[in-house]
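These are the structures in question, set out in turn.
Heads up, the next two complexes both have subunit A, just with different partners, subunit B and then subunit C.
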Partner chain A sequence: MEKSEVRSIYLLAGFLVFAYALPFAVGVWTDSIFYDRQWLADLATVALSGLMQGGVYAMFAVGLTLIFGVMRVINVAHGELVVLGAYLTWVMFNMPEWLGIDVYVDPLLSMVVSLPLAFLLGYGIQKLLLNAVVGGPELTPLLITFGIGISLVNIVEWIFTTDYHTIPYEPDAIHLTASIAVGKNKVISFGMAFLISMSVYIFLKVARLGKAIRATAQNADVAMVCGINIYSIYMITFGLGAALAAAGGTLVSIQFGFNPETGLQYTVVAFAIIILGGRGNFIGALIGALMLGVIENLIAFMVPNGSAMVEIAAYGLMICTLLIRPRGLMGAKEG
Partner chain B sequence: MALHKDEIALDVQDLHKHFGGIKAVDGCSLQFPKGKISGLIGPNGSGKTTTFNLLTGVTAPDSGKILYNGENLAGLKPYKIFRKGITRTFQITRIYREMTTFENMLSVAGLSIPEREVRQRAEELMDFVNLTGLRDEYGGNLSYGQQKLLEFSRALMTDPDLILLDEPAAGVNRTLLVELLKHIHELQEQGKTIIIVEHDMNVIMNHCEKIFVMDYGVKIAEGLPEEIQANKQVIEAYFGHT
Partner chain C sequence: MAALLEIKNVDAGYGNIQILHQVSLHVKEKEVVCVVGPNGAGKSTAFKVIMGFINHMGGDILFDGKNIIGQRPDQILARGLGYVPQGRIVFNQMTVRENLDIGAYVERDKRKRLQSMEYVFELFPRLAERQKQMAGTMSGGEQQMLAMGRALMTRPRMMMLDEPSLGLSPRFVTEIFEKIVNLAREGLTIILVEQNAARALEISHRGYVLELGRNRFAGSGEELLNNEEVRRMYLGG
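Up next is the complex of A and B:
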């Protein structure tokens, strides 16, 4: 490894240590840290919740990094796809009631429908709007996805208004010890996110189609002369990315409220994660997601009025990583 | 002597490709004989690699025909041409550096045989070029010569009928080159057609049965090695007017 490489990774590691220490420092400064048993238990709870939340973030970050890795398309509509997944879940959750049947469709079960739908939407977007511009200047697909994002927000607003929606799902807590507890919905989300991410990872590693996707990501020109129809790979990849985003949307919807505008927040989160983890790198996205989830929760816990500061964590991590080590923790060197 | 239709593997007719004001290929017609090793030579910038790119769909021609089994391939996407049984290697090897040797072999698409047979074929081909020991090594960790062998064996995964090799000897040590040439002859014995672009004249003159010479985007000569060696126009193209 080159000297500058080693330096930049140490610098980034140093920055991350500093970033994690900062909420503690602010906590000490504002006297919101107590060194008693209860506070430590709360800290453990918060860190655990952060980890769980990170798992959900990983869902859509993995989709985004896949799209970028294969096509070099910066999909700024990714958060909107997440929200679309949340709305699909909400619709299916309430559908039986609207039809006068007294049951609810389990949000996890609704993925059986919402994921294929999101896949088809992503597939169609790539086929109709993006295939023609992939490989050209990066600004063109970026602007197209920007337009798609705005259109999605407006369509969702038109159908569902700007009201916040929530899905009441498994609100109980699981007690690990008497004082450390974590929401059941969070654990379920994390488990599901882990399962889906791992399935995608194994698919990319083992399946022939997965290998073709990786091959296209590494070198599209070579993939073409090795018989790979890269255009259909692009469509499948965008479909897969959209399905992952929608899966993230389902998992988000059972924990937090959402409205059509929430998408932007998730776009930023996904970008912060893939920049930190390394654009196009799957494992990097997983690590980045867990790191962001934890730091967000630490800030909310220790910094006074911290909930309002949480978004700074994502922006701050993104900006500083770009300045210190643009390729992130595990991304390939560009150029 | 003109070849009979059945003796032609690839019939290139009046191929043109311009890049801005530069005429990279300017009305080139070539008839590559079936089941033989042909050489495509010419000074630097004569249009050899562009011709290869046109034949394999990497670049689309402005005009002209590329007839293969009676079908015009001009303008088809590379993966379609590949699936018709035409494969190639590159002047500078292009392998997937972040995939293992075995994964590189398996990354080839469009095979209509079951997965088990694909894996078996990959194993056989790796054995054919002595890469079995490096099966799980990442492409990026292989030596340049080994990468060339990997690219070469990957090109054989589909059991192609026509193989285009762009400078197979470049950057390869003599021992490996002898090995590679042995493999090329073995393929020819199996009835495959091979076209080589090469600067190494020993390779071209000793191993090709027919040679085509290009200069400034046009074919200036074709014939047997001894005919080409004695061709005044070819000597002028390489060394200038004497």
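Up next is the complex of A and C:
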């Protein structure tokens, strides 16, 4: 590794330590830190739920990083696909009641339908709107996904209005000790996110199609002379990315409120994560997601009125990573 | 005998910029043909337009008697035309074995892929020793062998090699040329671009000289080696 490379990774690590220390410093400054058992237990609880939240973030960051890694397309509509997934889950959850049937649809079960639907949507978007412009100037596909995102917001708003929705799910808490507890829905979400990202990881590592996707990401021209139809790989990749976003949406729907405009927030979150982890890098996206989840919760916990400040975490991490080390923690060197 | 690959009066380029002007060449079955010419003459561009990577602006491209203009590279590969691009490009973050396996992506039958792999390992025993190594960590010569082995995985009828010896140590240059001769003996049809013109012409039946995107000379390997002008310009006197 070159010297400047090594220096930039130290700088980024240093910045991250600083970023994590900052909420503590604010906490000390505003006297909201108490060094008793109860406060430490609260801190552990907060860190833990941050980690759980990071798992959900990983879900959509992995999709975004996959799309970027394979096609160099910056999918600005990613958050909207997340919200679409949340709505699909909400619809299926409520469907029996609307139809007057007395069955309970587990929100997680709705993924059996929503993920294939999202896959088809992503596949279609790539086929009809993006395949023609991939490989050209990077701004073109970005603007197209921007348009797709706005259209999705409006369509969802037109159908569902701007009301907030939530899905009540497993409200109990799981107690690790008497005073450290975390919501059962969060644990289930995390487990689900872990399971899905690991499946995708293994698929990319060992399956023949997965290897073709990696080959295309590494060098599309050579992939073609290996007999890979890269356009079909592109459609599958966008489909997979959209399905992962929708999976993230389901997990969002069982713990947070959402409305058609929540998408932007998740786009930013996903961006911050893949820039921090390294654009196109799968493991980087997982690490970045967990880091962002934890720091957001630390801020909300220690900074007075902190929930208003949470969004700064994502923007801050993103901007500073771009300034310090644009390729992030694990990204490949560009050019 | 009809030519296996034939391009006639081909114009091609990047975007609107035309690089090739009325380029013609052909390769007969089991022939070894070499294309030489100064840097920037359009040799790689000629290969790229044959494989369907870049804008075709005019002329005919026939493989095995059939027009292949407008087809994607993976479709052309499936017809039996293998291609090893310039710059020994391998999938760095994959093992040697994975690189080879992906080389035969068009082959659905796993047994056949394994057979091809055996064949490649026989040809390049060094690759067999390094099956599990990450391709990015190998030496330049080994990567070139891997790139060639990968292109052989589909058992093509014909192979296009773009500067196979470029940037390799003398030992590897000799080895690569030996492999090319071996493949030719087995009956593979080969067209190659080489900076190492003298050496390449020695092993070729025929050769073409391209200059500024146009045909300049054509003839048997021997003729070109003995041609005054060609000697002066490309063979260092």
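In the analysis below, the second predicted complex is superposed on the first by the 335 of 335 C-alpha atoms of A that agree within 3 Å, B and C clash if a C-alpha of one lies under 4 Å from a C-alpha of the other, contacts with A are read in each partner's own complex, and residues count from 1 in each chain.
Assume a residue touches a chain if its C-beta (ideal position, glycine included) is under 8 Å from a C-beta of that chain, and two chains touch if they have at least 3 such contacts.
Computed from a predicted structure; not experimentally measured.
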Fit-or-clash call for subunit B and subunit C when the two complexes are aligned on subunit A: clash
First, second, both or neither for A:292, with subunit B first and subunit C second: neither
Which of subunit B and subunit C A:247 touches, first, second, both or neither: neither
Footprint overlap on subunit A, comparing subunit B with subunit C: 208, 211-212, 214-215, 218-219, 221-230
Subunit A contact footprint on subunit B (complex, rising order): 56-58, 77-79, 82-83, 87-88, 90, 94-99, 103, 106-111, 115, 118, 154, 158
Subunit B contact footprint on subunit A (complex, rising order): 208, 211-212, 214-215, 218-219, 221-230, 332
Sites on subunit C touched by subunit A in the complex: 51, 53, 72-74, 77-78, 82-83, 85, 89-94, 98, 101-107, 150-151, 154
Of subunit A, residues touching subunit C in the complex: 208, 211-212, 214-215, 218-219, 221-231
